[in-house]
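One chain, subunit A, appears in both complexes that follow, with subunit B as partner in the first and subunit C in the second.
Our next item is the complex of A and B:
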């Protein structure tokens, strides 16, 4: 069947890598991605391993790469993806890469520092020129017109002539949010011995550090008195204002302003040059960094893998243990030969036996990958146990569709998935980063099948956006009923509801050939019929699914050579399951086939029969379905109950007996074959086919594993789980009914309340057409949001649960681990 | 249209599903996916056949008929055969 049926054969190999060629060999293995290395130095800490120095060098380089990447990102550029095949560099190339990287990083740091300094300077110059350039009203005007009066004391101070009453100026710039506070503080502190004028600058300046534009406020304070002056300076210092010298004469100010402007022009030129150089450096980084990143990552991975090998000093080589699929062994041999040919001594590979459970390897293509993914999400299968995935490919979409059945919704889902599948090779689609989109895209084949099966079940349920279609003529004839029962128009006008009676000839012509008859969608009591139909359908599908699960367990027992479990576990399980619930399915089918409308009044109730079967009683009003039922039912119950002790005690007693037999037989001679029988029921045997050497006596080890109480406990749990689970799991399948009912009702509500209400609007043709547009929009949005997305997710979840719990606990243990080969490919690509 | 009951649809559907599950597998090309393809075909036809069978058997001998509104009856009396 290929490797999807169960895990491929995986063996443990030992690699002898000559020291000179070890790096090249491991690098080649990383490119191929065939083997999973086992850590032979697990007891050694990371700092004491052999290649820790090389790993550390790689890590330091990666830090520098991170710094360079951050710089590139800050500048708003993107790093292009590396192209082509980039093998891990040789150790001597590492030095060159290191040098170049350090040089680039240093250059970048220098240039950045220069740029910052120049920007700060420019900022200062701009502030200064703004302060000088902006006119500040009355104080300047006063100094213009009242030239000779400037020196006139403005205030008669009582203090005396020694006070200096010359007007001084403090000019500067302050950040806008501090301006109001500054003004208030100045006023309060200097008590009106100053005149301050605040003006907003006309242009916005970029903050040199953050690059954000900010509008600074310039101020001009005119004061008199030295003490006031000192206070003002302290306050402006406190507020971190930039204070510039302010000359009173306007010509001097103008010259100063011109000088400043010239300086700032020059500075801007220099800044421009600096930024051009910076972009040059960044361009080089963009070109060189991506391939280096890939190479150094590979190199680090190789050294980490080499750290897991043990050193054999006598043979001057490294010994590695790895898991490898048997099918890949020739490729592995070839790769190692090729890589180590230059060193002269070639690398050697050979298989070694192992008692540990090997990892599971199941090769999938892009179609089967999503189904294997949902199986693995529950648990990766044990080595070589039966894989549920190939059956899940069909049963999962099928059970989803049973809960989702609607032609219209299924078609929409199918088309959406088809669009994704047809566009799957487009680069724009492959590199999209949105999480939700990636989730949907990863499950496109799943959605495709789900949509397809939903269309099929929609045809069977006869629902297309909750409307039934009469592809074939209906099997119920209203005309015949009306004619035979004398339903005149007058009679009809009086009776709001009337039932068609299948007993009347000509009314029921036969079952609808494909699906549910369309007349039921017009009936008021359609739920009575549908509920009965869907509940029975759920039970039938459930029992079939579970029986299939038990049968799959047979393959496990045969493969692992545990023949006793066929007789002592599978057979009792099947008898129990089929004897009770298979009988229920039989009752359902029998009633469908045998009980006709003629006997409808006294039709037996399956539910009552089933309850009475377990209670060993009978209801007089419930007639038997078939003759002999009173004998058959108790027999089946007794048989099923008799299977419980077989299931509970059979395997443990058998194993006990085998253990004792082997024990008594071991004293004369060791018997290798009994090692198999002594394993615990669920231990899988690892590659017994490749038994070269036996490590020690397997009998002793296996004997230590056989603890009688554990075996009994394990079997008791399994028995209880199975028997109680039969009942609860069968009931659990009723969710197929529940969800399909919910879906049908929701879509019917949407149809009746939204679209039908819109379509049945009276009035002019034009008006109705225009009104229909928003009505349809509402219908479409709610269909997609509620019915497709919400109901789809819900049905997906429940179908998943049915698979994971009800189906897989009949045969699947899921306690293995995946083969994760040593590879350079990044996850998710 | 006179119905023949169960036989005609049963034969048609059985033939179709039998064709898909017994005949088509012989034509699947031998390759790594042969096993999976055959499993898919067989499982699909079994599931679809079972589901269709349940639907038709449930309607074979109805114990009660649909209860219709008088408007529906009036319409169907004249428009359905």
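Our next item is the complex of A and C:
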């Protein structure tokens, strides 16, 4: 059987990796992505493992990489994606990479440090020149004209005695947000023995570290007295102000200013040189870093995998346990031999028996992936159980299409999906990051089939944007009816509705070749006709789908060798399902085939028959469908009900007997005891029995865990779920009818209210044409938004539910876990 | 606040409460501690902390690890979280946060003043200041020579200003006076905080008041304990006790008269809450210290604060628990780095 039908055979293998070649082997395995390592050191904490030193070295390197990457990012450059095959580096290469990285990082740090120092210097110079440039003249003289100084008029003329005191100055610059606080603190701390003038700088300066532009405030403080001076200096220190020497003579200041400007020009030149060198270094980083990052990441992954291996007693080799698909075993062997040949000692693989359930591996291609995804979203299949995905490929789009049946909408969806499929290899489409787009893109083949099937069901329903198409001539003839019943012109004018009687010869010529006759779209009883058809169709599809699910269970039972379940579970289930609901399907089909228009007046009602079947009665007004119905119906009900106890008790009793037999074979016990065990399904006894068995054969864990009450409980739940489920699930399939009805009605509303309203405006040619443009736009937008996207999503959801709940609970347990091989491949590619 | 604040609590503070509860879930568990205790070196400790909510907070450290680096980085992390809470908070929660920072601010101010007294450079001391209690004028503290100076010039604009009303004096700042200043500040701070929580009402009051009462009483006990054998007079001592605790007023008066640990213990015996705590204190050689016992009780109260919803206490409790956790990690790290493993288990578990 192909791998899609059930998960592949996966075995536990033990790998003996010679210490010298272990690294190469595991790195080769990572490239291939064949095996999933089991952690053999789960009890050992992370830092006590064997290769923790190497892991730590890789981490150190990654730290340096992070630094380099951050530098590159700060410089506004992007790292290119690495190209080509980059194997995990050999341990000796690691040293080289480490050295080079360190050198590069050191170089970068140096240059960056230089640049920063230069920048800071430049910043300082600029601030200094700004301070000098702004405070022209001693502030006392300027205070009469300067706005900010007028806040303290009292201090401007401190009086005669102080005139001869020497006025000192502190000039500097402070960050803008601190200026106000500084000013207040100065005022409070020095009690007004100073005059401070604050001004904004004219141009913004870049912060030397962050590069953010900011407008600094320059200040000039004049004060009297030494103590105040010390205080002022302390305060300016605490606000991290830049304080510059301030010469009183204007001439001296001017020359200083010129000097500063000269200096800053020189500095800028040097800075430019440094930045050129920096960009060179960054260019080297850009070139070298991406491949290293990939390599080191691989190396770290290899060491982490090696950390999961245990060491053999002789320390000559590492022992790893891994899950591997049987199909891949030769490849694995080859890979190991290839990579360990250098070391002289070959790595060995051998299978070991295992009690744990192996992981599930189902290989998919880009077509089946989305369908497998639908199944896996419910639950990853148990190892080797029947995989519903291949059937889902057809049933899912089909059930979707039953709800979404419309040729036009289906075609639009199909074309959209086709466009995605055709463009799937374009890099722009592949790398798109938009999450919604990725969702649609991931399901493109699903959409393709859904569109295709919608076109098909659309033809069956004969609807294209809610309008019927007349591909073939209609089977009904109005002319024949008019001729036969002699409708006069007056009669035709008076009657708003005319009925066509199929019993009149020539009116009904025969069924339409494919789908619903287009004449129905004109009829007022269109809806009731379609309802009857769609309801019956839903039940038929539902029962078929569920029966198929039960039948799939057979493959599970056969594969796992549980033959008893064939007889004790599948058979009763089938009888129950088919006896009750299969019979309903039969009634529907029978009535469709046997009851003709001629006998329509006295046609039997299936509903009444079906109800009577359960009540074991018959109503005289309801003609039987076929002879012998009175016998068949009660027989079926009795048969179906008789299956319930079989289903309920069959498996547990069988298991119990099996258990007892195996038990007595191992350790013969008095008959009396075992008989009682069977008669009284008592938990304590059962557990006692199992305890004894545990003592008798401790190896057989699975047998020992047999607890009768648990088996009973499980089977009871299963039985109740199945029997009630048959009824509720059948009813659940009626959603097919409901959603398809809703879709048809919505699209009809859109057609009748929007586009037809626009088309029937009439009037002059020009007006209609102009009006039709917005009307069509509205129609198109609403069709896509409401009918395609919204309705599509809702139909998708319901189809999903029908598969997950109604279909899969008949056979699928979904309790497995996926094989996640150790691989270097990046997720999502 | 009106009755039933639950109705609209979430509109203003729901996000932050959710956040802080999430953060609380990230506190180190008992298993983490037992792993940390097994570490051989600080590097191991770092690896272990990486697997917890601390993540790679030490990843950018290029220098060899020391305990103080770990401590600063942890503090920085707490500070980042706290700043985030604070920046997203609305009134009155933001006032609550301000109150929370006040205690750290007081500590920082006192630390700086002590430093100034010992003629240490400001930079040296700034490193030791708790980042949660940072404020702009902080570094200028050392220009003040008297408390009133300090108040008038520097602290008048900070949230600490109201607490200074009681401790304005023209005394020079010597070591004893600074200590007294600290305790007075703390006293008025706790009382103000207590009043704030009490006025806020609701669950916040129900949660925060017992915590602050305990805090006040703990301070009273510790002050008493530290004042044995110093020149602090009993009257002065009594003025330092915060008056919002359970000990007020009888217990405080008795405590003021206490002359040694035994007498203090006798005072505590009158109170059902504190009796078991004092009984748990070991004698001299082994067992727990009074401080540890108080810490344990504090942790307990803070953990319980998370059992109620719609109150601000969770923020306080989270910060305190995190602080305790940091103390624990630092303790373990110290024990590891000094190879003093015998006492490594005497951290205070956060349950």
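The rule is simple: the second predicted complex is superposed on the first by the 610 of 829 C-alpha atoms of A that agree within 3 Å, B and C clash if a C-alpha of one lies under 4 Å from a C-alpha of the other, contacts with A are read in each partner's own complex, and residues count from 1 in each chain.
Going forward, a residue touches a chain if its C-beta (ideal position, glycine included) is under 8 Å from a C-beta of that chain, and two chains touch if they have at least 3 such contacts.
Everything numeric in this text was worked out from a predicted model, so none of it was measured.
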item	value
Contacts of A:75 with subunit B and subunit C, given as first, second, both or neither	neither
Subunit B versus subunit C as contact partner of A:786, first or second or both or neither	neither
Partner chain(s) touched by A:45 [first = subunit B, second = subunit C, both, neither]	second
Subunit B versus subunit C as contact partner of A:537, first or second or both or neither	first
Partner chain in contact with A:457 - subunit B first, subunit C second, else both or neither	first
Partner with the higher number of touched subunit A residues, subunit C or subunit B	B
Touched partner set for A:716, first subunit B, second subunit C, both or neither	neither
Common interface residues of subunit A - those touching subunit B in one complex and subunit C in the other	none
Contact footprint of subunit A on subunit C as seen in their complex	35, 38-39, 43-44, 47-48, 51, 59-60, 62, 122, 136-140, 142-143, 152-154, 156-157
Contact set on subunit B toward subunit A in their complex	1-6, 8-9, 12, 32-36, 39-40, 43-44, 47-48, 50-52, 54-70, 72-74, 76-78, 80-81
Residue numbers on subunit A that touch subunit C, as the complex places them	45-47, 56, 63, 66-67, 178, 181, 184-185, 188-189, 231, 234-235, 237-239
For the subunit A and subunit B complex, residues of the former touching the latter	1-2, 4-5, 365, 368, 390-391, 393-395, 398, 402, 456-457, 460, 473-479, 481-482, 487, 489, 492-493, 495-502, 507-517, 519-520, 522-526, 528-529, 532-533, 536-537, 540-541, 544, 589, 592-597, 600, 603
